[in-house]
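The following blocks contain the structures, represented as structure tokens.
Next come two complexes built around chain A: one with chain B, the other with chain C.
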Partner chain A sequence: MIRSIAQKEFVSIRRDRRFAGLSALVLVLLLVATLVGRASFRTLQQERQLAQTTVNDQFRNQPARHPHRVAHYGSFAFRPKSGLSLLDGGVDSFTGSAVYLEAHQQNSVNFSQAQQSGSLIRFGEMTVAFVLQLLVPLLIIFLCFGAFTQERETGTLRLLLSQGITLRQVAWGKIVGYSQAVALVVAPALALAAALLFTGEEFASNTDLVARLALFGLSYAVYFFLFVVGSVVVSATQASSRAALVTLLGLWIVGGIILPKATANLGATLYPTVTKAQLDADVHEQAQHGINGHDPHDQRAAALKAGLLKKYGVDSEDKLPVSLAGVQMAAGEEYSAKVYQQHFAALNATYERQNRLSDWAGLLNPYQAIRSLSMGLAGSDFAHYVHFQQAAEAYRYGLVQRLNGLQAGMGYGDKERRLDAHTWRELPVFSYQAPSLGWARPRLLLPVAALLLWAAGLCWLGLRLISNFTDL
Partner chain B sequence: MRVFWILFAAEWRHFRTARGLVLLCGLLLATGVYGIYYGTTEIARQRQQLAALPELTRRNVDELKVKFPGPADAGDIGYYHSTFAVHHPDAWAALSLGLRDVNPSYVKLRLLGLHNQLYATDNANPLKLLSGNFDLAFVLVYLVPLLIIALGFNLLSAEREEGILPLLLAQPIGATTVVGAKLAFRLTLVLGLAGLLSLLGMLWARLPLDGRVATWLALTVLYCLFWFGVVLVITAWQRTSAVNAVALLGVWLLLVVLVPSLLNLGVAAARPVPQGLELTIRQREEIHGGWDRPKTETMNRFFALYPQWRDTATIRERFVWRWYYAFQHLGDQAVAPLAAAYAHGLQARYDLVERLNWLSPAINAQSSFNALAGSDLPTHLAFQRSATHYHDSLRAFYYPFLFRQAEFTHADYAREPRHSFTSLAEVATARRGLPTLLLSVAALFGLGLLLLRRPIAPR
Partner chain C sequence: MTYLLEARSLRKQYADKLALRELNLQIAPGEIFCLLGQNGAGKSTTINLFLGFVQPTSGAAFVNGLEVAVHPLEIKKHLAYIPENVMLYPHLTGLENLALFSSLAGFKYPAPALLDYLTDAGLPAEAAGRRVGTYSKGMRQKVGIAIAVAKHAKVLLLDEPTSGLDPKASNEFSELLRRLSGQGTAVLMATHDIFRAKEVGTRVGIMREGELVDVRPTTALNARELEQLYLTYMH
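Then we have the complex of A and B:
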């Protein structure tokens, strides 16, 4: 019986001209979003790869220089786009793409896409994720709002029940039928996106990407299922089609437009952060006067010198086998990097506290759950961005300390001398490895739990609601 | 006319008893108040952060005074001393925050090359930037149309579906009067709410009551009228409530979401901007190449730009600050065309959107609000130009010390130029949005009234 109801719904939906029109629109938008996503992905990726290769070559081909000059010359880290970011750009448009890596200071990541467009970007971006997260649910609402109300308004619900089936069976039949119709619209588009993704040479045989994409598809399946069940439940409990539609659209507006913005703004109000200028000043101050204020830079430098003289059993700097300046530079970098890491960690902890509000809101609002799950899987969420920042800083620190080590090894009077050009070719260049799915997993658990809770809750409580409270 | 007022009064009594609609209006009022609260506190927070910057400069100067107790070489001071170019918000930004969170509101400057300092960004939570600002402009541009749709989607269809329409039309009343009275009541309600929120926002943010008040209110009224025009057309189309709701939300989705995001893609493709990446890389190469080039070559190129320093002492030392700052500046000079192309590219994108904003009244309203508040891209570009001039004046302040080899004393810190830039409202841009809106309102009402002349189906 469930199957024949499902069959009936599936057939009548396919015959509905409005459904055909709306799904064609969604399909076209998905297609446009995929193609545009791929084109912009390629442009950005090429630009950044070219930039990275350029600076890496420039670094390797330096003439004979003093290592500290090389440390000031430094390098750049350009953030490569993650493979799936062509489906879900996440926060990518609002994060910078280039950071200058040099001695003594940690620079900001600059040149975000958002800074290169006017306030138009604030209306949202046409990505596959946007269509899937907001437009497909709208299509589902339009499909399902009349599930029960229409049967009731035309008097067919009584006839159906007189066949000896329960309301619950009717509901399941409708859910199955509608789900098939949604799959008919979305599956081809997603398959096409996957095909486009894997025909690009960038993604050849990458199991991590396959796993991410599979989970991506699976989570959207759960998300759409949620909307189908939810719409059917609302339709069963409302008096008229009009009331059902208005309720569902109201929920869509609150969940898709108002809540995400409200929680993000509330988070920023509740947990204020410091400016970069303030943070840099604090880092500088602590590096100068010691983390606890009892350990000033001058004293540390003097102690280091005394320790070196004692270690090598000499009485003046010029008799040391190492360059005092190089050793002190290394110690200073170590100290200030340590201070910076503390402040950077505190800043990110504050951001995470701000974002946690949105994460927990996912329990109330499936849109916010799928949004953070989707960008987490696509490698375009806040955590992946921080991972890049940390990788860039780790490289910067390692490079500068190697150069300080080279300087120390030059011995006394290093300032008058240079190191050979081949030295720079032996130093590692920056190449970023995006983290694996396993790394991202802990952050994805909450949104996954939220989606599953919603699905289970709707199937169990929602359908109980239908069988207990539906008027014929 | 009497009939009109009877119907109007009936709508009011009807509205009072419809708990859902009263709740919806209350909700809009509450979100509007939150938007005003958020906008004003956000601007207050930015002001507070900007006010803390001179203290950072003072701490930096104190540190330098300890480091260089006597008269110092100005080159050392220029290297270790940092100061700020600050972009103060206009008070109106509290109602329309625009891009003030995406673009930094200050730039930290040293005497070094400008272009690797000018594009530095401030700390920001990208997820917050992605979610956008919950300010009054958001409530007016996004949410008020939804309220108008909720109030108007069943204007006639509900009467028809409840069987009242035949009774109503049996009276000697024209359909235009019925629809007119119903629309007029809802218009009064929505404009009352939007006006109340706008005035509350202006008082709360303590705005100077200048000509912009009228522009803001005119934009708000016309934007609301546009959506009432859409409701009128859909009403005159005479479908069921469900179809009306879908159609109206479809129009909202098209104009507020789809057109802007597609336009964003189109504009980015039509006006490609030379990436900043190339600029930064080139500048570093130029500046660091300065160490390896013969000093006379660097100085001669510099003197060609600043002939007034040509007669200063020839450089024989291995290192001297005036040579260092000369090649820093030559690095900026080398990338000046790239930097100009970058800024022009961004401006061209903005201008193209301005030209195409008739495609969606939401884009028109939002960018006009931002222009009024001076919180959009052109203001940021103006700030960057102002910061560039400030950097020029810093160099003009330090060059005499460097080239005349004058000592930099503690008293000289106070003589260093300071910078302050306050957003300028682009009232002309904002007012340019008005005729376009007016035209679309007139077109919609014309179409609606034309459609209404067809007979109304009572069932």
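Then we have the complex of A and C:
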């Protein structure tokens, strides 16, 4: 019986010209967004790969130099785009894409698309995620608002029920039928995205990406199912189609626009972030308490020197087997890196708390749950960005300390000498490995739970509500 | 004697209005009971109570011996219903509508059988494959009749089923009712058509302001006398 009703809804919807127009529009938007996403993904990816290889080549092909000059010459780390970011750009447009790696300081990741692009980003990007998260639910609302009200208004519901089926069965039939119709609109776009992703040579056999894409599709299936069930339930509880449509649109506005903005503002108020200028000033101030490798009159530098002389049992710097300057540099770097780490960690923790608030809001608002789940799966959320930031810093610290080590190994009077050009060719270059799904999982549990709770709750409560109607 | 339809002190009180007052009624197999009365007299309420679409304030309705309020789903197997204005799914064809409603009642008919039900109800064969959105009211009514017939129910609940039908189709419908009653079907029909009630009904009941004020076998009166009787009650 449920199947008969579902079949009827599916056939009716497909024959409805208004739906055909609307869904064709959404389908075209999805396909275009996928293609545009793919194109911009390719461009950015190629740009960044090229830039990374260029700076790596330049770094390795330095002439004979003093290692500390090499440390100041520095290098760059470019963040590769994650595979699924073509579907959901997440915060990628606002977070930086490149970081300058140099001695003594941890720079912030700069050059976001929002910083350098024109109007396109300021006026909102047309991404697959935007269509999936906000426009498809709107399509579902237009599709389902009359599910019960229309049948009640025309009287078909009475004839339907007189054939001996329950309201619950009618509701399930409708849910199944509408879900099929939605799948008809969304599936081609996701299939195209998958085809584009896996025909690209860069992802040929990447099981992590397959898992992410599968979960991505599954999450949106649950999300759309929520809207279908919700719309059918609202339609059953409202007196007229008009009332059902107004109620549903109201909920869409609250969930899709008002609540996300409100939680973002609340997050910023509850957990204020320091400004960049303030952060820089704080770091600078604290870093001064450490050894300044460039200042020979520094008191702590003198203490370090005394310790070294004692350790090697000599009485002057020129008899040391290591370069005092190199050891001082290493100690200074260790201290300043710690200061930077602390401040960046505190800043990131603040952002995390703000994001967490939005994640918890997902329990109230499925849109916020799918948003953070989607960008988490796509590898374009804040956590993935921090992972890159930390990988870049780990590389920078390792590199600078290695160079300081080389300097220390040069012995007394290193400043007058240089190391051979081939030395730089042996240094490791930055190569970023994006984290796996398993790494991202803990952060995704809350939004997943929120979506599943909503689905279960709506099915259970909503359909109980529907089957409790007695008078028609 | 088992009755297919029975009302025992059936009463329906709405907040602002008493829709049905202590209805007692028994309809046996093969009987065609016609309910006459003005709009708002309680005819539709009675039918809705038998369908289980409205819950009684007190008393009980029984279909084939089963209390409606207790077995709301079970009783639907025994009855078929034709409303005054049969509304169908406009994007489906007549055939598809009939197939859908029959399948919900548990019947899976092959396409030729479905077409036979529709043409028997008076729908032109060429219309059966057209979408219902293009149908006239009379054509929809005929699909409604086909849906009811295809259910092979023991009880027919009809709420002014011939409204919108031309005289020829109405006449054919009366024939159909007589045939079904000959097979033992019990019919409860609300109607405004006194002459058809006299012609097809075995008994007529007159309702006024929620009350069944008179019940007569149709053999006892001719159409003119029935009309006179009706008019007396309405004044």
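Note that the second predicted complex is superposed on the first by the 452 of 472 C-alpha atoms of A that agree within 3 Å, B and C clash if a C-alpha of one lies under 4 Å from a C-alpha of the other, contacts with A are read in each partner's own complex, and residues count from 1 in each chain.
The working rule: a residue touches a chain if its C-beta (ideal position, glycine included) is under 8 Å from a C-beta of that chain, and two chains touch if they have at least 3 such contacts.
Note that the structure is predicted; figures quoted are calculated from it, not measured.
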- prompt: Will chain C clash with chain B on chain A after the two structures are superposed, or do they fit?
  reply: fit
Message: With both complexes superposed on chain A, which partner does A:94 reach: first (chain B), second (chain C), both or neither?
response: first
- request: Scan A:76 for contacts with chain B and chain C and give back first, second, both or neither.
  value: first
Message: In this superposition, which partner touches a larger number of chain A residues, chain B or chain C?
response: B
Message: Once chain A of both complexes is superposed, is A:324 in touch with chain B (first), chain C (second), both, or neither?
response: neither
Message: Quick check for you: in the superposed arrangement, does A:358 touch first (chain B), second (chain C), both or neither?
response: first
Touching partner for A:162 - first (chain B), second (chain C), both, neither: second
- prompt: Now for A:378: first (chain B), second (chain C), both, or neither, which partner does it touch?
  reply: neither
Query: For A:4, is the partner it touches chain B (first), chain C (second), both, or none of the two (neither)?
result: second
Query: In the superposed arrangement, does A:233 touch chain B (first), chain C (second), both or neither?
result: neither
- prompt: Can A:55 be said to touch chain B (first), chain C (second), both, or neither?
  reply: first
Field: Distance of closest approach, chain C and chain B, by C-alpha atoms in Å
entry: 18
Field: Residues of chain A touching chain B in the complex
entry: 29, 32, 36, 40, 47-48, 51, 54-55, 58, 63, 65, 69, 72-74, 76, 78, 90-91, 93-98, 100, 107-112, 114-126, 130, 134-135, 138, 142, 145-146, 241-242, 245-246, 249-250, 253, 257-258, 260-265, 267-269, 272-281, 285, 288, 347, 351, 354-355, 358, 381-382, 385
- line: Residue set of chain B touching chain A in the complex reads 31, 34, 38, 41, 45, 49, 52-53, 56, 59-60, 63, 84, 98-99, 102-104, 106, 108, 116, 119-134, 138, 142-143, 146, 150, 153-154, 158, 161, 241-242, 245-246, 249, 253, 256-258, 260-265, 267-268, 273, 275-278, 280-281, 284-285, 288, 291-292, 346, 349-350, 353, 362-363, 366-367, 370, 375-377
List of chain A residues in touch with chain C within their complex: 1, 4-5, 7-8, 11-12, 15-16, 154-156, 158-166, 470-472
- line: Residue set of chain C touching chain A in the complex reads 48, 51, 53-55, 73, 76-77, 79-81, 83, 85-89, 91-92, 96, 100-101, 103-106, 131, 144, 147, 151, 157
